[in-house]
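Listed after this line are the structures, all set down as structure tokens.
Look for chain A in each of the two complexes below; its partner is chain B in the first and chain C in the second.
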Partner chain A sequence: MNTGMILGLTLGSLAAMVPIVLTSVGAAISERAGVVNIGYEGILMLSAFFGTITAELAHNGWVGLLGGALTGIAIGIVHGVITVYLKGDHVIPGIGINLIGYGGVAFGILAYWGTAGQHQVAPNAQIKPLWMDAFGNSLSPMVVITIAVAFIAWWVLFKTPFGLRIRAVGENPEAADALGVNVELYRFTAVLIASALSGIAGAYLSVDWLGTVTKTIAAGRGFIALANMVFSGWDPILSLVGGLIFGFFDNLAIYIQNNPWLAGTIPWQFIATLPYLVTLLVVAGIIGRARAPKWDGIPYKRE
Partner chain B sequence: MEERTPVLEMRDIVKVYSDGTRALNGVTIKVYKGEIFGLLGENGAGKTTLMKILFGMLKPTAGKIFFQGSEVHFKSPADAIARGIGMVHQHFTLVEVFTALENIILGKEGHGLFSKIDVKNAKKKLQTLMDELNFQVPLDVPVENLPVGIQQRIEILKMLYRNVDVLILDEPTAVLTPIEVKELFDVLRKLKAQGKTIIFISHKLNEVMEITDRVTVIRKGKVIGTVNTSDATPQLLARMMVGRDVVLRIQKKPHKPGKTVFRVEDLWVKGDRGEDAVRGLSFEVKAGEIFGIAGVEGNGQSELIEAIAGLRDVEKGRVYLMGKDITGKKPRELYDMGIAHIPEDRTHMGLILEMSVMENAILGMYWRREFSNGWRLIDWGKVEGHAKELIDEFEIVAPGTRRPVKSLSGGNQQKLIVAREVSKRPEFIIAAQPTRGVDVASTEYIRNYLVKLRDEDKAVLLVSADLDEVLQLSDRMAIMYEGQFMGVVKPDEVTEEQIGLMMGGVSQ
Partner chain C sequence: MNLSQSLRGYLKPFTESVLAILIGVLVGAIVLWASGYDAIAAYKALVVGSVSSLTNFAQTLSQSTPLILTALTFAVGSRTGLFNIGAEGTVYFGAIAAVGISQAIPNPLSGIIAGILVGALWALPAALLKVYRGVHEVISTIMLNWIAFYLAVWLALSVFVSPSNANRTVAIPPSARLPLLMRNTTLSWGFVVAVLTAIVVYVIMWHTKLGYEMRANGYNPRAAEYGGINPKAAAIWSFVIGGMTAGLAGAVQVMGVPPSYAISQGLANVYGYGFDGIGVSLVGRDHPIGIIFSGILFGALGAGATKMQQAGVPLEMVKVIEGIIIVAVAIPGLLDLINRMFRRGRV
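Showing the complex of A and B:
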């Protein structure tokens, strides 16, 4: 190992951490408020696609992130209306979102750009790195923003009235309701925050980190983010740790695949599963200690 | 009677639920400033419904509410609180993982939704409130780790923090130990001295007699009458509440106990936190005898019952039923050997609320041949017949055998449990808190039934936090303190003072 490689792995891990953590933090806020959404995978897919379109139209990567956030919010409104206001099931809409994500993006790439399964994002629609060296190692401003988001989310959740109310409606909506806290409003707001963060994460995949849209661009990250949320005990700061673990192995897998000797020894299919496997093992080892919010996933109706 | 105008008046309140049940039939109550007003009635009489209407949780079908001189329409509890009416429910509405402080300030944290909560300032305010009432609550501990008595104070603080003038307490003593009840009454008297108005909902005569200034009695959704407490007697209130004379003392003929049915030898049981909850108990219960265990709750009674009923591991010691060692046997084996168990918590251990009356009527014996057909499948016809027999014999008021058991009132739920357990034809009956949260009529029925079982030469183990109950029913009684018996006495050979000392840990 040389310093160049260590630098490469570190920066790569941080880059891979971003979408996991943004989604985990959002999911933690939503579930703290009592709303489960398993559709983050679909949100990542759709916002990667629509984020690219808006970025290319505006010739600006940041506008792409905004497009991703709006895509997420649009999906969040649907999920929020179904679960919070119509008191529907929390899992079924997520399944729908994921199916639309996978089918819609595969179709959308072909329909919009006329290429099958993949589209290269125009260079002027990508986000410029903060720092870059001659070997292609780079640091995205989104890494800094993501770490800040995790800390701010923690502070808001645990130090402010807004956070107290978010947690109250997820733990005991009856108690919150009796004290004049608008349960539906806080739950709905939490859903929108979660979908917006996850939408930004999706757009980051295409207009920043990978520079491409593919029909499998989310690659399970929406689900890993949910596992990471549980593993970190619905705590935004702790979710940075899980995000880094996943990010590290995700990069290690790429590194091994690019190393001819290693790649010849270990089958690439195994290497590709490595980040998911390790993350799940870590999650499985720690799960059970954290306790989910009491009203997580349960619609609240006044008697 | 008085010339004063009431601070609160509910006039001709009618409530008809969407399923057609008439809960309230034109109820009118008047509450004056600075009094402790009692609302007395059996379970299901409509007390809670009336108060939920006042607190904005339910909409009245008809009727008007006047508060501080003007008509009010509360759409939610928050509305009522904003106008100065607070309520502490029988089942607390606390966020369990939150601290007392977080629970109290929720929704009224101070300015700025996204600014830091001013914890210091909130604590100072609460400390002043607590000092005035002369009690302390740990503000930084999650409430789930606090005893119910403290949780109740947090509920009261929550309302006082919002400056309510009227405080409604729904069955506030149902979950409290006798000492906690005393402390609660002290707090209520202090609040009254501060000029607060208190509405005290209860079905317990002696408590209403002790704490209230005036009482309105309601029965079946109608006001029966209002009296000044100083003019009332328990007998009068009981008659108003139930509609007939009630025997407040159970008639018990002398009965000669027979052979030993149940015996415990040097029993040690651990509690949930690994502590020794039961420490070396030995006792026996004879046929034709009620053996009572009194004591402040949390002194190992629950652990003792669970160990005997096969629900908790025995650390050391033996348990015998009719001479056979039953230590460590499973509940099902115990049922088949002749033990019946009326558990202390009817909604969590005694019944499955969502399931029907007839399904609940065979819990713990559904495997028996008498309920199955030739294919050894459950014969629902037989089950329904069994449920109907129980309903008839025990005078259970139920809307039907196929309706969920949660549609029954608390007293009728408890009667159903007693009926079911007795129908197992046991030799030994464990009755834990058999009349907790049960209306007067059902309490009378259940107590008489336990005496009847004794007269039929069954062995009964009665564990209750209600000292009067143990004193009235038991042939012999023990007082339990920190996992041990402070003494085993005959109820008529002991004074209340002696029992009080033993409950406080002084051995005889």
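Showing the complex of A and C:
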């Protein structure tokens, strides 16, 4: 273990932390308002795809992030209308969205670029790193932005009237309603914020971190983010800690697979299970203490 | 309750499922058209490929076989109040178990039993994590699906790899295969096994004490507990029964489908059935008998997709249609909503 390796692993963990934290911060906001969504995996998929298209059209990675956010919002509107306004089930739409995500991206890559399963993002459509060394280690501006987003989200949730109302409609919608808070509007807004953040995370996967779109690009990160949200107790700042742990193992798996000396000793398939195994163990270890918002996942109907 | 009443009770969910399917087909057509494909030609290929001849329909039934079984996993979970989406990973292990045991004891029954047993075993981690640690089953089963995928890839290509072909496992010996129902198709006795399993699950869920307890737990866990039902036992049984049908799906898929009777690289011939089963269950309203019919519908989509691919439309489009159908199923009171819209239109 030398300094170069440590630097590589640290920067890699930070890069892997970004999509997980952005999504779990969003999911925390949505669930604080009482809306569960398990469709983040599908949002990551579709926004990685549409984010790349917009980035390549504009020759600008940042526009790609915007494209990702808009993709997320479009899906969020569907989920929000079904769960918040029509009082539907909170889990089923996400199952459908995830299926659309995986099918749609595999279909879309073929339909749009004519290649099977994978498309390399054009260099001028990728986000330039803040810093880079000769060995390919780099630091994306999105790492800094993600940390800022986590702190801002915490401040908004816990220190502003808007955040108080978000939490109120998830914790006790009847009381919030009696005080004149528009429960549906706040819930819907929270869903859109969450989907937008997850959409940015998806576009980051393709136009920044990985530089490619594949038909399995999300690779379970939408669900790892949900695990991280539970792990962090629905707290945006704490989700940075969890995000770094999950990011470390996500990145470690990639790191070992690319390291011929280590990869020869253990089957790569075992290493590939690491992020999922760690997620399972961490969630199993802490869950007794986790407490979800009281009306999380329960439609609110006025009496 | 007399017959017409009970029929009416089934009519509404049935109509809503049909509506959801129509929405899936319509929105799918828009997606196809927006992507520059001929939607009519694509759907025509889909229909031709699935029902235009007896051979094609046999293909549809063959495709529906694993879907019916994995849908039962989700349905049993859902009726118990659980979102068990772990069928996907369980299918892999069911298939591996069948391949493994058939090398030692080459008859169909041993493969089926091995698939069921391994399926029940692989259901235990998620069941125990749920009951003793309160881990939400959506998170645990998804993580277990990924773990299962990599472990199964390793098992398939290291432990059970074919000595003559590094891209697949050893084949199930002829004496352990499920016989075909129709020559020159892939329709085997596996379909009969799937339908019988659906009927068995129906009997368990609606005509036994255990099934009653599971459904009571799903309907109102608190009332069930006051009524003396042990919610932990109900949840564990639900995972275990679900694991059994998913493991059986994997076993039947590898034992019944020619020509390879082996698991191919990347688990390609056993991959995706667990996820598709969720849609089958939702469209079948989480009812075993409904699942037989929606399984055949999804089987038709699968069989037709190959024909659609030949017509130049990527077969993944079918997944998009399935996803849209599921989202549409989630719209509550779809029928009432459309009724209201029509009434408003008339005034």
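Following the convention adopted for this analysis, the second predicted complex is superposed on the first by the 303 of 303 C-alpha atoms of A that agree within 3 Å, B and C clash if a C-alpha of one lies under 4 Å from a C-alpha of the other, contacts with A are read in each partner's own complex, and residues count from 1 in each chain.
Convention: a contact is a pair of C-beta atoms (placed from the backbone, for glycine too) under 8 Å apart; a residue touches a chain by one contact, two chains touch by 3 or more.
The structure displayed is predicted, hence computed values, not measured ones.
In the three-chain model built by superposing on chain A, chain B and chain C fit together without any clash.
Of the two partner chains placed around the shared chain by superposition, chain B is the only one that A:T160 touches, whereas chain C remains out of contact. When the two complexes are overlaid, the chain among chain B and chain C that reaches more residues of chain A is C. Contacts of A:F135 after superposition: neither chain B nor chain C is touched.
By the touch criterion defined above, A:F151 reaches neither chain B nor chain C.
In the superposition on chain A, contact of A:K294 is made with chain B only, not with chain C. Aligning the two complexes via chain A yields an angle of 80° at the C-alpha centre of chain A, spanning the centres of chain B and chain C, rounded to a multiple of 10.
Shared-chain residue A:I100: touches chain C; no touch with chain B.
In the superposition on chain A, A:V78 makes contact with chain C only, not with chain B. By the document's definition of touching, of the two partners only chain B reaches A:A176; chain C does not.
The overlay of the two complexes leaves chain B and chain C separated by a minimum Cα distance of 6 Å. Remark: chain C residues 31, 35-37, 83, 85, 125, 129, 133-136, 138-140, 142-144, 146-147, 150-151, 153-154, 158, 275, 278-279, 282, 314, 316-320, 322-333, 337 touch chain A in the complex.
Residue ranges on chain A touching chain C, taken from their complex, read 38, 42, 78, 82, 86-89, 91-93, 95-104, 106-108, 110-112, 215, 219-220, 223-224, 226-227, 230, 267, 269-270, 272-273, 276-277, 279-280, 283-284, 287-288, 290.
Residue ranges of chain B in contact with chain A, taken from their complex: 57, 76-78, 81-82, 93-98, 102-103, 105-110, 112-117, 158. Every residue of chain A that touches chain B in the complex is listed here, in rising order: 156, 159-162, 164-165, 167-168, 171-172, 174-181, 291, 294, 302-303.
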